[in-house]
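Note that the chains are named A, B, C, D and E in the order they appear, and that numbering of residues resets to 1 at the start of each chain.
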Amino acid sequence: MQGLADKLEWIQLSIAYAWPEIWLCISVVLLLFASLIQSNQNKWIDALALMAFLISLLLSALQFAESNTSMALFNGMLRLSDFSIYIKVLIDLAAVLTVFMSYAQQEKKGEYYALIATATLGAHLLCMSNHFVMAFIALELISLPSYALAAFGFQKKSMEAALKYFLFGSVASAIMLYGMSLLYGITLTLDFTSATFQQAVLYNQSYFLIISVCMVLIGFLFKLSSAPAHPWAPDVYEAAPTPLVAFFSVVPKLAGLSILLRFMQVLSLNGAASIRWYIIIGLVAMLTLTVGNFAALLQKNPKRMMAYSSIAQTGFLLIGVITLSEQGLHFMLFYATVFLVGNYLVFWYISFFEDRSISAIEQYAGTGKNYPFASIMLLIGLISLTGLPPTAGFMGKLFIFSSLWSSYESSEGMMYLLVFIVGLLNTVVSLFFYLKIPYQAFLKSESQVLIIKKSPLINLLGFILVMVLLGLFFMPSGLMGWLNRITFAL
Amino acid sequence: MKQELMLSLLLILVALPLFSALLSQLISEKYRWLNPLLSGLILLITTILAASLVSTHWNQPELLWQIKWFELGAHTMTAGFYINNTTLVMMLVVSFISLMVHLFSNGYMAGDPFEKGYYTMLGFFTFCMLGLVLADNLLLLFVFWELVGFSSYTLIGHWREKLAAAKAASKAFIINRIADVGFIAAIMILYSQTSSLSLTEVTAVTDTFWRNAAGICLLIGVMGKSAQFPFFNWLPSAMEGPTPVSALIHAATMVVAGIFLLIRMFPLFTVEVLDIMVIVGCTTALLGSLAALQQFDIKKILAYSTISQLGLMVAAVGTGAYGVALLHLFTHAFFKAGLFLGAGAIIHALHRAQHAAHVHFDVQDIRHLGGLKKVLPITALCFIICSAALSGFPLFSGFQSKDAILVSLFEWSGNSWRLIFAWSVVISSATTIVYSMRMVWFIFFATPQKTTQLTVSEVPFLLRLPLIVLSVCSLWFVVSFHPLEYNGWLMEGIVPAKHNLFITWLSMILVPSVSIMAWWWFRKRTLQPVNHILQNGFYLDHLNDLILKKPGLIVASKTEKIDKRWIDGSLHALAYTQVTMAHLLAWFDTWIVDGTVNGIAWMARQTGALARSFSGGKIQSYIFWSVITLIIFLFWILF
Amino acid sequence: MHAYLLSLLLLIPLVGALLMLATPNVHRSLFRWIALGVSALQLIALVLILSHYNTSQAGLQLSELRPWITLDMGIWGILQSNYFLAVDGLSLPLVALSVIIITIAIISSWKIEKSPKGYFTLLLILNAAVIGTFCAQDFLLFYLFFEFMLLPMFFLIGIWGGARREYASIKFFLYTLLGSIFILIVMIALYLSTQSTGDAELVIHSFSFIDMQQSSHIISNAVLDPQNNVTILGISARVWAFMLLFIGFGIKLPMVPLHTWLPDAHVEAPTPISVLLAALLLKIGGYGLLRIAYPIFPDIALQLSWLVALFGVIAIIYGALAAMASKDLKRLIAYSSVSHMGFVLLGLASVTPEGVAGAAYQMISHGFISAMLFLLVGVLYDRTHDRMIQNYSGLSSKMPVYFSFTLLAFFASLGLPGLSGFMAELMVFLGAFKSGSTNYLLHESFAIIATLGLVLGAAYYLWTLQRMFFGQYHVKINLDNQLTDVDFREKLMLFPLAIFIIVLGIFPQLLLDYLNPFADAFTNTVIEGGKTIKVLLQK
Amino acid sequence: MSLLNVTFYFFYALVASSALALLFVKNIFHAALALLSCLLGIAALFILSMAEFAGVAQILLYAGGVVILLIFGIMLTNKSGAQPIPIKNTGLFGGLLVGSGLFFLLLFFTSKALFVLPANTNAGSIEKIGIELLTDYVLPFEITGILLLAVLAGAATIAGYKASRN
Amino acid sequence: MPIQPLYILSALLLSIGLVIVIVKRNAIMVLMGIELMLNAANINLIAFNQKVPMSVDGQIFSLFVMIIAVCETAVGLAIILQVYRHYQTSIPDEVNELKG
């Protein structure tokens, strides 16, 4: 019985630390209630959703301030560390931006926001989870609402996209689950950060372990939409409404990245593992980079192109996982932040142009003259994703490549050099397709008449995002100083 | 004090022609007629100054005055004046001939639309020539050397509408440029050996290989400028320019700059280089005079005669007696300028007559002329005096300098294989007499051909004055008072040459007899072309085109193609590979991913499914392909 | 007092650009005057800088050092990059050249109608980027400005260019980006293996060129440390780094195999842009080699000098031949620029004071000459929109003033003494030849073959002059009427350039006062650097 | 062989055969029934291996919930004409290839140590599951509640969405 | 019960589930395939749980899996219904509006 008392007391303690998650649950319920009494054109639901996500952002940010030690919550289910708090802040930021973007969403606004809140909750939990059960449930908590959200376009092709996403997602999670059960068989414990798990893995450096780990990885890579599990992304991105596409391209990726990172840290047993996992992740990263960049060359639809570009960006994020050194991860977080801002800026303006019935890349011809401010902002966003100097994208790429070079220098592994070169070549190739839209916008004269709709609010927010991008370039030490305080203890 | 005065005089002397050039540019259209007079006056002052400098400073010790021009690496390049007897002689020749030409062109060029440009470039040319003569270091000399080439380019191409003039001008400049590569090579060698370019130190090259190399390169540079054997085809075509220009540039000053350079750099040359110099000189002399025999255009005859006289001078320097070369240069300047101005006067007179009679035929072709003796008495007299000097009649300056050259050549050959060259010079001087007699006969004494229809009147006094002065200067007393003695005031200043009474007497007898024979020969003949090779100057032009121009153009178009096809092609291929790679991936996507790979056994039954499943959006094949990649990945790692 | 001058020079155009963006689009003529005002201010700043710079003292002057990024990278030490602007014998003349050329370019773009607001803003950004590249002494700052030039140039050619402008602008953009990726690799490798004067255990990775040049500042077991000669695929890492830098900057200074973007970019770019492209952007390639590649890898530079010289000579001959065969006047001038930049490579490779001073001199003189040449083509193109040589003949009688300017420009370009072209080429020849007998880097034959370039140059220039300006006046029927002579605005541009060309030809010491200290310092660093590293290797 | 082994292998065979049947059945209803029998067999196996609660939950949730849902789905989507359209296969070969590859992979590399059974396999009790659920696994438990709520609400909106004619 | 046969059964179920998902041309069948794969994992969990009789992690995990399976089926059916309404077919392969 004594154990029981400790456990209950531990739960009470950890509830105090789980406020952002609890608030999200409350907001899900609130939003569902709101969806019951909603009529069509009422803005108060947007305000409610915005308030919900802002408070959750506030709560997670507050958490960042006070504790810098990492502590296990709910009997080892979750681990609240600076790293996961930072990721949670990013996720909430993404959610807030998504709410801003979805002012155009007419039908079913209540359910729409409820599902987004659930997915955010799932992302919060995934990046903190220590335990297979928790990880699986958090993953499903993100995926299932996303399948439903993918269908929120309510046209023919969004249904098809939802079906694709659902089938692919459920198969991936089934395989991941099977992998987890195999790992349970090997280590007989579900808490993968515990000592018994690490002991068992240490003694079991066998092929079987590789198979089971790879099956588990399939689940995480599906969430990251990286190479082997990426085909779903272009179709879903093309069909789903743009705010959601932005949400899908960032939030599940960040959560998947953190769980993958945590899992890899465990498996590497800080250097003791005889299986060199970084080679597997390296190969995945290279495959992702190449597929993402080359496939994007031929795309006609901006959203589909952005799908492949976000796949390529995942490749760069995976590089952070390969280096696994403290500093490499700080740079990965920097790159993730820049990617988030850049991605949202570009999607922001793709939806801006979509409202003006400009959906294919050819139709962007001449927008440079008609919407000078918007196309310049879009241009800066795309430049940041390519990684040209005036924008923070360059700083991110510089850090990623220098961390690769340092790890190559310290460990002489040829894989680092290979990834270094593939990464660089892909930066050049990425220029080909990132410049497609500005090329049409500025260099071509317009083919069809463009309706001019002034929208100061959108431009204002776009301007803020651009300022963040430029600011991060000129003063990276501000953010990096903050990031450097993050520790990655398990 | 005397030095400062000397220095300031020198500065004024050099600056005056430049001042005249600027002046003629600045004079407004209204006072156009004032331009020639002013520039003539300025040139007169320069000549007086030069004469006074020569008289005061003759046989004085060398004067060297330098200022810092620029520093390069460890060495500072200087710019300044270096005066010795040779430079004084050259300075006098240049300013005097330039004065004569200015006076002559005053009348000759009256009414020419680009007269302003003409006088500017003439002034600029004289300035550069003086600068070249007085330069103290090789670099400054080279700068003026090229500027002289540039001004000859502009002057040859003076009549811009005549495309032939433009072609001749660019040919002249390019050939000079090819030779100047040799000059630059010499500068580079000397700089790297002695790390300084001032004329005094530059000859102190110790390494024999480099000394020879520098000598030969310098010789190539000179051969270009002074129209020696392989490079002389630009001079005859340079006759497209106005005649006074040919008189000044292509007779007296520019072409002799090369000889001056050889004299100035004489200590540098080793024996082998001097021998080569003689060989080159003699061949040019022989070829020049032979070609002159077959020409019909007065100016072309004079051009080829200049080439052969230049060959003589180069040979003279080669034999070691550079003083004799300077003497011949001195005398040749006067009578050749006289001949050219005479030809100019004839052309001018006939042009005026043609305008009056509205008859058109090529004035310069001697086959059309004849019997001008009666109509242009004074021009005829001067022309005959100068051509007598050219062919080396006794009592004329030509005899003394040519005799000196013959003596030095025979001294130099000393009954070895070198005798051939000595005798070749004798033959070339004989042919000189023949072609000058031919020219004089057919212009003045032969029965008039086409000139009968014209009423030709004597040229105005302003054109005749330089003629008279020049013909007076080609008499014997210019060299020394004793008609047979060539060691006059000039030779005393430089280096007195030896005597060989036998050769002097021999030539004394030979020259008049050969001229009478020629006179007799031409009395009955009318002119027909005899030998094509000589006629077209040994087809050097065509050879030049064949070896240099055509292959150059072919290679050039090849490089253009290389640029277009290879490099651009490879770049496009690179770009296409990227796009093809993308297509490949897309093809791979649509063909393999969507058409699920069926076993051959099943292929027949499944074709329906395969056809329908081409659609891009096939979900199951997505899942299939992800899992298959995972399995292949695991197989690859495990085995 | 002079601590802020260089930043001022950079800030003026950026402030001007912002001002330009702020002014509404309605009064179109205002933009030209703002741009002109900016360039006037820059000229004043330049005068101030020149007055503060004392030529006797070699090394960096007017330097401004402000910390920009200090990043704690955990076990890898601290990443330190600071906003470090300074000018020395090489940078100052290039900065002066840029300010002058930009003023002229602004005057020459007086008649741009197509959205002047965008045009002049991009021009001012380009202006700031170019000057920044020449002043930056910190590799990251240099790379920032280096890449910062790409986009404005891409849009300037792309939007305001000629017929095939998209192709040309994309080709330009990709070539230069590929080059800059190579430079990025070396930058990362370099900054991770150089430390500023931090003590042993706290390694401060620094980006500044000065630290990178001293071999004492190389971190002991870094990849680029000569002692533990790391080899990648068989070739030592340092050689890889030097070759990558050489190719990266070779693309910018068009080296022959990598030059095909230049003719297209020039043919399609509007006149003021091709003036900027030829006069300034090509110099950055040469400047990069002189500032980064040679001093930082002296041992490899000495080893591979013959290769650099070989590429130089090939560029000279190839450029001249290709120019001879081109039918379009602008293409001819573009190829002649390739040939002239070959001299820069040759002078640089000789690593003798004369050669290096000659290379720098050539960069400045080519700046003025090519600017004048492109302006002259612009004059013709503005009137008749046709650049084919065979469509004109006998222009000298119709446009005499234009003829005299072209005569001066053509002869300066083919190296007539008394004009700046010859002076630079002479120094390069003397340096290249002398290196055969002093530091045994280049064989004498390199210099001799290079002199061939002079002859070829004379050939194609005189041939063009002969075809276009001499002979009977006849122009293709429809072009005839607009052929008026040079107007005041064009004279205002051409006259100062002509003055500069003549003055630099007659009094080279004005420029050599700046270049000589740099050349001597450069040769010492490279030769001594090579020796110390050789000594290190023996140990 | 003890009675226990016999029942174990009986259900074992039942599950295997119904799974294979699922693969080859043509009619969608038969497929549903095969799935039902497979799930029930699995529930029995659970009970046999001392996981009674899991077995009961399996019967309730899977057999009761999921299969019923599937049958509803079949009826709603298959009503074209009287009898349901036959299920056709696509790319059978590829699927089989993948399945056998995976099967081979999973079997070939298993080490014996994985399958050793401890001596006393005394029965775990439902009471222990109850305690665990509300102490260690309290967070997943609550979160699953939220998941069910949100997801089912979402599913409802999608399913019930009628294109509002605006 | 002996773990070896149970493990083999779960591997078999997983493979069959995967084959069904890839091969079958009916969305509902694919759902069934997914159910099979999830059950395979459950079998594994329960089987391996026997090795540590004191702890019941495996069983609890399988409980959660079942709940998730229900949710998945619900969402899956909702989507398939909508697809059916739009495309009048539930054969996933004919649903190919999105290309490229």
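Definition applied: a contact is a pair of C-beta atoms (placed from the backbone, for glycine too) under 8 Å apart; a residue touches a chain by one contact, two chains touch by 3 or more.
Just so we're clear, the structure is a prediction, and the values are computed from it rather than from any experiment.
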- Task: Give me the chains shared as neighbours by chain B and chain D.
- Result: A, E
- Query: Which contact partners do chain D and chain E have in common?
  - Reply: A, B
- Chain centre (avg CA) closest to assembly CA average -> C
- Reference chain C; chain at largest CA-centroid distance: D
- Message: Report the chain whose CA-based centre is farthest from the CA-based centre of chain B.
- Response: D
- Of all chain pairs, the one with the highest number of C-beta contacts is D-E
- Task: State, to the nearest whole Å, the distance from the C-alpha centre of chain B to the C-alpha centre of chain C.
- Result: 36
- Which whole number of Å gives the spacing of the CA centres of chain A and chain D? 31
- Query: If you average the CA atoms of chain A and of chain E, how far apart do the two points sit, in angstrom?
  - Reply: 26
- With chain centres defined as C-alpha means, what is the inter-centre distance between chain C and chain D in Å? 72
- Message: Quick check on chain A: which residues sit in contact with 2+ other chains?
- Response: 133, 137, 140, 144, 148, 151, 160, 162-164, 167, 171, 175, 185, 207, 211, 235, 298
- Task: Could you list which residues of chain B touch at least two other chains?
- Result: 586, 596, 613, 617, 619-620, 623-624, 627, 634, 638
- Residues of chain C touching at least two other chains: 174
- Query: Taking all chains into account, which pairs touch?
  - Reply: A-B, A-C, A-D, A-E, B-C, B-D, B-E, D-E
- Query: Mind pulling up the chain D residues that touch chain A in the complex?
  - Reply: 105-106, 109-111, 114, 131, 135-140, 142-144, 146-147, 149-151, 153-155, 157-158, 161, 163-164, 166
- Item | For the chain A and chain C complex, residues of the former touching the latter | 325-327, 330, 369, 372, 383, 388-390, 394, 398, 401-402, 405-406, 408-409, 417, 420, 424, 427-428, 431, 435, 439, 442-443, 474-477, 480-481, 484
- Would you tell me which residues of chain E are touching chain D in their complex? 1-9, 11-16, 18-20, 22-29, 31-32, 35-36, 39, 42-43, 46-47, 49-60, 62-64, 66-71, 73-75, 77-82, 84, 90-91, 93
- Residues of chain E defined as touching chain B within the complex: 18, 21-23, 30, 92-100
- In the complex, chain C touches chain A at residues 68-76, 79, 115, 118, 140, 143-144, 147-148, 150-151, 155, 158-159, 165-166, 169-170, 173-174, 177-178, 181, 184-185, 188-189, 191-193, 222-223, 232
